[in-house]
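Shared between the two complexes below is chain A, which pairs with chain B and chain C, respectively.
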Partner chain A sequence: MGLVEIATGKVLTSFSVFLFLTVLLLVVARRISTCIVLFSAQSAIIAAEVFATGFQERLAEAYVVGALVLVIKVAVIPRAFFGLANRLKTSHDVKASTTPTQSVFIAAAMIYLSYAAVHSYGQSVHVPEDALAAAVALILTGSFLMVSRNKALMQMLGLLVLENGIFLAALTTTFGMPLIIEIGVFFDILIGLLLMGIFTFRIRDTFDHLDVSKLRRLRG
Partner chain B sequence: MKFAINLAQALILILGAPLVRGIIARCKAFLQRRQGASIWRPYSDLAKLFRKEDLVPSTASGVFRVVPCVLFGTTICVATFVPLVQPSALLGSRGDFFLLVYLLALGRFFLSLAGFDGGSAFGGMGASREALVSSLAEAPFLLSLVAVAVLSSHADIAGIAAWTLGQNIFNISAVHILAFTSLAMVVIAETGRMPVDNPTTHLELTMIHEGMVLEYSGPSLAFIEWASAVKLHAMLALLIALFGPWGMATSASVGAISVALLLYSAKVALLIVLLAVIESGVAKLRMYLVPDFLGVASAVSALAVIFTTLVKR
Partner chain C sequence: MILLTPLLILLAGAFVVLGFRNPRASTRAALFVGGLEIASLAVVIWNVHERGSLQVGHYMRADGLSSFFLLNIAFISGLVLVYASGYLRHVGEGRFSSPRWFYALVFMFLFTMISVCLSANLGLLWIMMEGTTLASALLVGFYNTEGAVEAGWKYLIVCTVGIAFALFGTIVLYLAAVKAGMNPGAALDWVSLMNAVPRIGLDPHLVKLAFVFVIVGYGTKIGFVPMHSWLPDAHAEAPTPISALLSAVLLNCAMYSVMRYDAIVSHAAGPAFPHTLLLIFGVMSMVVAGLLILVQRNLKRMMAYSSVEHMGIIAIGLGLGGPLGLFGALLHTFNHSVAKSLLFFSAGNVRHNFGTLRMDHISGMSRTMPQTSAALVVGGLAIVGLPPFSLFTSEFAILSGAFTQAHYFVATVFLIILSVVFGGFAYHFLRLLTGESSPTPVSSKLIPSEYTSMGIAGLCLIFFGMRIPHAFSVLLREAMTVLQ
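For the complex of A and B:
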């Protein structure tokens, strides 16, 4: 019993470091499949934090939310992504517009920035500073991935990383949103993914590639 | 007693180094479903080389002859800084991790000189690549050591190990994870292992370490090979001492020492298996991607140093 309590405490305090590691790896990854696996790992870490919060605050709802995260973000979305990448028959490259070294320094700067941003807030309200900083860093990295990667699939992945960050921010500040809202958000993500999947097919069929930097003019 | 143990652990580092290499080769052979050589093979290789004649290219200068001694000497010196079974080292003193980094750099500098001096095209190519890799690996190497030193408020490796030994194993901080990540990448680059350099090849246009030592033969080659084995073992021991020293003997009793030795062997075995899995599963990086690899290591180590201010606050 004591061991479980220590473990949940550790999950809440130290797992944000692993989130930072996934962030750093995401910005240097060169293959889409690596990014998808990293997103899956990131969601698994967040699911662990949800379960730990549920255990510590005695919230039965959190277990349901955690299970939803596990099913949808760790299993279903990555599988759908792999299927999409296979069926689009596109190259594995993420088409980064920054070199990995530049990206990782930008990511490091964003992590530091997120610490600086949450520092004053974390002291006035009693929330774990590491986890909140990780959430802000995820939001920033998601946006960075969306603007710096030219493959349309990476824009979807960036959006999902950003959403992970918002979810984590809600979890750390208010122990998660009400269950009905969480379910709505998950449904939203799935529908959004479906729409974006259809849209990437349309881009591919019209332009014969997925490079968003070349979408300069309209075509009928 | 303490001095005797310190001497013994330095000797274990130096004399056990070829065995570490042999076990890595055996693990890789197992993973690739080959028969593989015996784990004692590096010792017989060294013995064979020591009995052979030392051939020097007619164009080479005196530097070529001196380099094996300098390289072996600096590497032996590095091996005496690293604690193994107890948190103290033979020559450890305040600030020794700076000396460790730059003694290794000195050895590499002389080896690159020898690569140019040997007169073959491969030697020059290997040496220039070595210069690129080592200059890029130096910053993350030093920064990750500095991060751990600042965190523990100790300026020597043995002191850092002793401080980490006193911490709860569950109390690892962000600094430790980031510094470990960066130092592990540096170890791979410094010791010329797989994603950066292929240690098993002698005939490849992209070879780094093997290119530089191509002109050496006999006892000189034996000293260079032994030195690189000691370097690999010392780097693994450094990783263990800084990031996983739990189990080191705090008293000088026979029981504690033998338990510490057993645990140390288990930790090295774990790292060896990890290294073998990485080397069997990862393709060698293109030469132009190596700066990116080390750039990531630099960023992670810089982040580790920044995080020390957040953790210690």
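For the complex of A and C:
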């Protein structure tokens, strides 16, 4: 067995552990920059998994998708986030509405919940349970970050984590969707982030802050 | 090629109007592009009627159902463009908020919505549904006020998250199809899926799981309760032509996506599961929105909740299924669009003339603005479902569907909420129209763009209430055969 085969096997068996680690670190992180780096690392893990899957299943398309993940999610989006955070001249605090201790407990509960949720489906569709659980955990964490962090930037980041989870679910269950659809999805994410960036500037200019929990004029 | 023309016209049109810095010139260019687009959509509809269906490549396809919704888009977008040509006369030059940007974004918005109807592939359908959010977010935040920015941000975030769940549902359906032995390249193609439903249905769990995620995801765009939180904000804060487009076209497009999935899931796993879900969402939306209409103080927010209520009615029609339910649901998508556009146009006039939409600040409108008041009355009577207006026909069809299928609970709730909504509209409108005439309007007369668009909408409501034109009912029947 060659070195590449061994490496591929290792990536495929161990990546979910690393993803759970990023989940736990994300919920305790206090600074936006930490979260951005963690997101970048998380995407890198997923990119590695895409390449490993592509190698094992002999799918040429997977390499293209993997390269897209590397370029867009590991490099471009985090850079853009750093640029946005700098230009907005906002504080670095994520404005968490839960304490780190509470967050860890919630994250642990979500990981447990993910395993419970995929238990019955994992066997019927013949995919590794860990991988599917990691995907569901990412989706849940993304949603959790969106509702519990009040900074507009963190809501965007939560959305990206959620999207990572959906991407991972597609990858583990079906080796990804047709290439053209994946590219379209990436395109939508980029445009979506661009628009959210425009809106963060508008929020800052009209309200003088980026705390979306204080946007509550429209009710009822 | 016929299928691509409307899309190409809109893309080119978006760039062309951006080139006109003069507001009058950009308006004229926009009306011209709009005319071309409607003509090209008419050609598509005619060709679909002649040949049954049109296909371009693997990803674009139009059949009877698409062409029924294209008719809706063509009609409403025409009205909206005419109305907007007068409405935008007060809008100045700003970043992303000048008339030329307005028209360019409207064309992109129409582009995505037409693409939704022309998608043969469920993945492309998702991409385009997400595109509708992206294209319209800047339009919702067009005025750049505190409320508009908040509504735009909320719209973008809530709908993107909601749609993400629809992507998950799409992936689950794809998984079910691939597991059933379909070729991965064709496993998202709607026609191939419909042909393979017996095989997919062997393992109904995954298909049902997919439908749950899809109805939550696209249901967010439809505005089903409890995912409706973005809808009243976006409708109330957007410029009036956009409120009309959101309510009359976007919600229908999302409903169209759910119809496509409903057809697959009903055939694969039996109609009981998806139809029960649709009934639950429909009844919930009707009840909650119907009650919230009573307590609204902002005219456009009240109309937005009325849209939620009518989406509930359409969902109930779909959930009942059968010829009556389906007929009622499809007809209601069109009727509701026309009535809601008329109401939003009137609300736009109110805002222009009084500078506010607060209903408790306005009274005695029937004397100060007789024409707009007449439009409000026609629209109001139509939207609560009174004869002789067209919404009566479709609501009556859905109600008879509920009785023939012995869904007495649904029928009772339906009737109760209709009367509550009637009471709500009557109460609010009587206070608006009668009494002491307090603020004085800027001008009491309608301008040509306003009475053209509002007149056409009003006449259409009455005409369709008397009898459904033959050509229209042919299209409606073709749409129904696609789903059955």
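Everything that follows uses one rule, which is that the second predicted complex is superposed on the first by the 216 of 220 C-alpha atoms of A that agree within 3 Å, B and C clash if a C-alpha of one lies under 4 Å from a C-alpha of the other, contacts with A are read in each partner's own complex, and residues count from 1 in each chain.
Here is the rule we go by: a residue touches a chain if its C-beta (ideal position, glycine included) is under 8 Å from a C-beta of that chain, and two chains touch if they have at least 3 such contacts.
What you see is a predicted model; the values in this text were computed from it and never measured.
With chain A as the common reference, the superposed partners chain B and chain C fit together side by side. Contacts of A:F20 after superposition on the shared chain: chain B is touched, whereas chain C is not. Of the two partner chains placed by the overlay, only chain C lies in contact with A:A169; chain B stays clear of it. Touching more residues of chain A than its counterpart among chain B and chain C is C. With both structures placed on the common chain, the touch criterion links A:A48 to neither chain B nor chain C. Touch criterion not met for A:C35: it reaches neither chain B nor chain C. Look at A:I77: by the touch rule set out above, it reaches neither chain B nor chain C. In the superposed model, A:A107 makes contact with chain B only, not with chain C. By the touch criterion stated above, A:V125 is placed in contact with chain C alone, chain B being left untouched. With both structures placed on the common chain, the touch criterion links A:G192 to chain C but leaves chain B unconnected.
In the superposition on chain A, contact of A:V94 is made with neither chain B nor chain C. Once both structures are fitted on chain A, no C-alpha atom of chain B lies closer than 24 Å to one of chain C. Shared contact residues on chain A (touching chain B in one structure, chain C in the other): none found. For chain A in complex with chain B, the touching residues are 6, 10, 14, 16-18, 20-21, 24, 28, 99-101, 104-105, 107-108, 111-112, 115, 130.
Chain B makes touch with chain A in their complex at residues 170, 172-174, 177-178, 181, 291-292, 295-296, 298-300, 302-303, 306, 310. By the touch rule above, chain A contacts chain C in their complex via residues 121, 124-125, 139, 143, 146, 152, 155, 159, 162-163, 166, 169-170, 173-174, 177-178, 180-181, 184-185, 187-188, 191-192, 195-196, 198-199, 202-203, 206-207, 212, 215, 217-218, 220.
Here chain C touches chain A in the complex through residues 59, 96, 121, 123-124, 126-127, 130-131, 133-134, 137-138, 141, 144-147, 149-154, 156-157, 160-161, 164, 167-168, 171, 174-175, 178-179, 184-185, 188, 203, 205-206, 209, 232-233, 236-237, 292, 295-296, 301, going by the rule given at the top.
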